[in-house]
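Each structure below is given as structure tokens.
Look for chain A in each of the two complexes below; its partner is chain B in the first and chain C in the second.
Let's turn to the complex of A and B:
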């Protein structure tokens, strides 16, 4: 095993050496820019020291491929991550942790958008990525050719969220002071030739170069020829559908694969017709459109991106959760003892047998027994979709209802309720092992 | 050179009959001709003559819509080239991909196509993210957002149908997992809720040989019919639909008064 790991370390040492050199270059450029453009000598020196640390220590140590010297993620942190994500509560820790992280970033956005802070966080995450690459299990997942774009996606989403938020924070301050927004300052007109067409040209050239480098540096994956009898474990959908596949843990395919995706598409299309707020048009702002901002971020960052990352990096054989530093052990067993709501009600609650239609009874009789068996779930679901919206209309959303009118409000509240169905089901699964709220397997109707 | 004034080679070329017949305008070196070039050039007429300064600031626009369109063009060009080397049959699909890697010159054609496709999915999301965060879907741009959502869907379907074509384990199982969902389509899938509703004289209309999944795959499981079906969708039907919608999408950006902001 030691021999193998030596071969592995030697295999990646070259890449890691260049990786740390580019991190050094990145910080060197930042230091130079801070010094020349911003005249912030103290900050420039700080990032210069960071660059020298990458260049003078991490890069040569990584190139050495010596397990003694190679910079690695401390075992303490790896064990901590393994314990918190690899155990049976990994999904809970990960999902709740991501949500808490996003909430902290949102509430502390004034602090986190500062150049120094954001740059520091970027450095830390890139460093963590580099240190983790020496872990064989981590490397296997992160460097899988089709997963490389997702690593990129995480950094791109983080970068653009930072960019948008820093502009929004700045704009919100300006609006509060009664000053024009950043965007308003750029409202004079310029000619498209040369200002825009040259930008486009430069973008195209840069992008072509980038794609060529990516294409040369990383080979497209090609596995064994297709075989319909050899099912890989895990079988994963293409990465952009992993959020939907993750929903399969909590819902049956008709919800996770058909109804929910349709609702996402319909809901996205409905946004412009539901958002009646005329403010926040043509500039970044959070304060002027908090509700729509938070709803979108909840759906996009938490329910889409975070779940894709979960599906890509943490889901392993048998769709179990594995920590990124954990070996994908096919024999890892997770107890599945999920219980339907009707079982809770009849067996645990009433201490009775589940109602069952006598053998050979006609369809209406069967339906009657199903309704009797599942009455609690059916009532709850109906209350959720039928009673809750009007209740919201006269309580928390009273102002929205007055502005939107009946139809628009009902559409909006039902779309929101559909979106919330996933986190609700997740929490019910984690806390009381709930399998289905309504379980009618006779008609494939499980919710 | 009778006049004695020396002409540069560039001037000679630009004054030639051939040049003038191709480009309908003089070189855009002064203000007037910079306007004229935008109005008379087919490729540039997509743009307005002038835009708000913030409308071209990268920190505002992120350029992600443009990047997505560029990636679509990259995918089209590399895709057409790939079609020269690829036959969508069980006998040849995998082998053609193998020889594409090992034998064909310009050996990174498939890499460019695959990485471009992944990048395009990401840039579409980022474009949508920017449009949302700047409130650029608000009136009068509501409908263009709707077209954008359909384009997002088409991008995902393009990527999804393309995923199958290499015909390796990665391909068929990803498509199997993805398309198994269709089996559970309410009413129209044979394991979907309410499929019992569609019966005719006691005979199920919705079976594994006639449901939504069968329509998608052209068979009961991912096989040669699926390969052919996805190939046609990937190379013809979806790109054409996307190109058509893109034309409307860009046209509406112009007609609705630029990429964002009040008119």
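Let's turn to the complex of A and C:
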């Protein structure tokens, strides 16, 4: 194993060396910019030192490919990650951890959007990526051509979220002071031709060149000819559908594959008709649109991006949860025994056999037995979608109900409840192994 | 003038729009009136000393007719004099300042537009950015002398209607003093001039309230009236849609959306119906000759059948278009039929739905035979189901989303790699999202003692079909 790992380290040492050199160059440029444009000598010196550390220590050590000296993620951290994410509660830890992280970022946004802090976080995450690359298990995931866009996506999402949040924070301050927002201040209208069209042309050419280089540099992840009897293990969807695939773990295919994607699309289209807040048009703001902002970020960052990352880095063979530093062992045993709510009720709760229609009974009698079997789940679902919206209207969303009116509020609250169904179901699956709340497999109706 | 170039396109368009509604009689901007009256006075005295508009052509000769804009400007200057009526356009008085015209060098079109805009917005006090250069140009009559833009032409055209119908006496002054000379100087070459002349003449007939009393000071009065036209529309600053701009060009009073309360008023003054215009009396149509009717009646009964056939054929092949569409439709129909035939091939290269898998003794109790998975898509399982040892054939399709699970011998379960569904050896789902057990195929002991699987029949546990004796073979 030692010899093999030596071969592996030598294989990636060149890449890592250039990686650290480019990080050094990035910090060098930042330091120069801080010095010349902003005249912040102290900060410039700090980032210069960071750049020298990359250039003088990490890059040559990484190039050496010596396991003694090669900068690696400390074993302590790797073991910690393996224990927290690789165990049976890995999904819970990951999801709750992501949510807590996002909440902390949101609450401390005034601190985190500062240039120094954001740049430091970028450096730390890039450093963590470089250090983790020396771990073979992590490398096989992150460097797979399928997954390279996801690694890029994480950084791009982080950047754009930072950009929007920093402008929103600045705008909120300006609005509080009664000044015009960043977007309204000195806004000079430009012409479509040539300003916009030229920009688009340049972007098009640059992007095409980038894609060409990408296509040459990273080989397409082609596999053997498809066979109806052999499914790759794990069988992962394209990266943009990994969130959908994760949804499918918790729902019936009809639900997660048809109903919920349709609800997402319809719901996004309905937003302009549901939105009654006239503020926040054409400029970034959080304070003036708190509900919209939080709902959107919850749906996008937590229920889509976090799930994509989960599907990429944590899902392994047999769709089990693996830590990013954990070996993909096909025979990893994960104790799961999913139980429907009706089984909980009748077998565990009432200590009875499940009601089952006698063989050869007619359809109405079968339906009656099904209703008797699943009554608890049906009542719960109806309460969730029928009783909860009016209840919300008179309690939490009283103001919203007054402003939106009956129909708009009902549409909005039902869309919101549908969105919340996903995390609710995930938590129920992880905590009490609940398979379906309503389970009518006879008619392909499972929720 | 340098400042004028800085005007953005939006400003120019705004100026053009303002010019369009030149004839707005609801000029509720007294400020604008005053300011224009003041600005008009120097050129007015100028014009008075040089005997009115008759000097205009002479001035034009001095100006270099290099640009189209200048040609238009000339046309604009001449058009009122060419028209015999008193057209209350701005140019009739503006052209009277020859020196300024000759000094004015035709710059870019933008400048021209800017000038036009500057003139119009001079009366408006609302946009401070445009008001500044506008005033600058106002003080020098140079800008006034350049009616270069199309917008201004439209303004002229529009300005005439309300001038006559709105009852403004100033606008309706006949200019007899300058008429003759102006008419002689009018160049018939420019289209604008001809159009203006045509309009002016038609207007002259309708003017009944002309007040000759104002004749003593014709030019200043006219100037102010003209200025009012140019200045008044600058008051509304809201942006207007295309329909409003056109409406303004037509001379409608109100631009922008019309409310219900305003509608009747607008309808009344929609277009001035010239009372004196001669009504065209058409002669009566000649009566149809009798032979035409007779011929039509005679042929009808006979040829109706032939005609129907002819109509049908000509609809299909009458023109090249019809022929093409007919051919296209025919091809599409044939192609669809061929496609339907393609779905039922002559030979199917699928494995047979009924096949023999060996003797029941070949399978040890508790064994899962996976060797038929690749070819037939089944697992042959010998296991206990509800306490009874039996052999059955399980489908290799996951009941969640149709992936192919794998048999993990060490864990004694089927496990799907797509979403993690797990099934016991007997096919019952126990983990992951699969909502129901794997499906069984029909199995029986054939006449030669071998097991025969029939994939054409399925048995689903949740439907209670696993009790069917065709779904298993008891060992």
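Note that the second predicted complex is superposed on the first by the 421 of 447 C-alpha atoms of A that agree within 3 Å, B and C clash if a C-alpha of one lies under 4 Å from a C-alpha of the other, contacts with A are read in each partner's own complex, and residues count from 1 in each chain.
Definition applied: a residue touches a chain if its C-beta (ideal position, glycine included) is under 8 Å from a C-beta of that chain, and two chains touch if they have at least 3 such contacts.
Small disclaimer: the values here were computed from a predicted structure and weren't measured.
Identify whether chain B and chain C fit side by side or clash on chain A in the overlaid structures.
fit
Any idea whether chain B or chain C touches more of chain A?
Touching more residues of chain A than the other partner does is B.
Contact-wise, after the overlay, does A:221 reach chain B, chain C, both or neither (first, second, both, neither)?
Touch partner of A:221: chain B, not chain C.
Thinking of the overlay built on chain A, is A:231 touched by chain B (first), by chain C (second), by both, or by neither?
Both partners, chain B and chain C.
For A:250, using the defined touch cut-off, is the partner it touches chain B, chain C, both, or neither? Pick first, second, both or neither.
A:250 sits against chain C, while chain B stays out of touch.
Angle at chain A, chain B to chain C, CA centres, as a multiple of 10°?
After fitting both complexes on chain A, the angle is 30 degrees.
Contacts for A:189 in the overlay, against chain B (first) and chain C (second): which applies, first, second, both or neither?
In the superposed model, A:189 contacts both chain B and chain C.
Report for A:68: first if it touches chain B alone, second if chain C alone, otherwise both or neither.
It touches nothing on chain B or chain C.
Using only CA atoms and the superposition described at the top, report the least gap between chain B and chain C in Å.
Comparing every C-alpha of chain B with every C-alpha of chain C, the smallest gap is 5 Å.
In the superposed view, which residues of chain A touch chain B and also chain C?
Touching chain B and chain C on chain A: residues 189, 191, 227-228, 230-232, 235, 245, 252-253, 257, 444.
Would you pull the chain B residues touching chain A in the complex into a rising list?
Residues 28, 31, 34-35, 37-38, 44, 47-60, 62-63, 66-67, 70-71, 74, 94, 97-98, 101, 108, 110-112, 114-116, 118-119, 121-122, 125-126, 129-130, 132-139, 141-142, 145-146, 149, 152-153, 156, 159-160, 163, 166-174, 176-178, 180-186, 189, 191-196, 221-223, 260-262 of chain B touch chain A in their complex.
Using the touch definition from the top, list the residues of chain C that touch chain A in their complex.
8-10, 373-374, 377, 396, 400-401, 403-406, 408, 410-411, 415-420, 422, 430-433, 435-436, 462-464, 467
Quick one: in the complex, what on chain A touches chain B?
146, 149, 152-153, 156-157, 160, 163-164, 167-168, 182-183, 185-197, 199-200, 203-204, 207-208, 211-212, 214-216, 218-228, 230-232, 235-241, 244-245, 252-254, 256-259, 265, 268-269, 271-273, 275, 278-285, 289, 293, 296, 300, 440, 443-445
What does chain A use to touch chain C in their complex?
189, 191, 227-235, 245, 248-253, 257, 317-320, 330-331, 333, 336-338, 356-357, 359, 435-436, 439, 441-442, 444, 446
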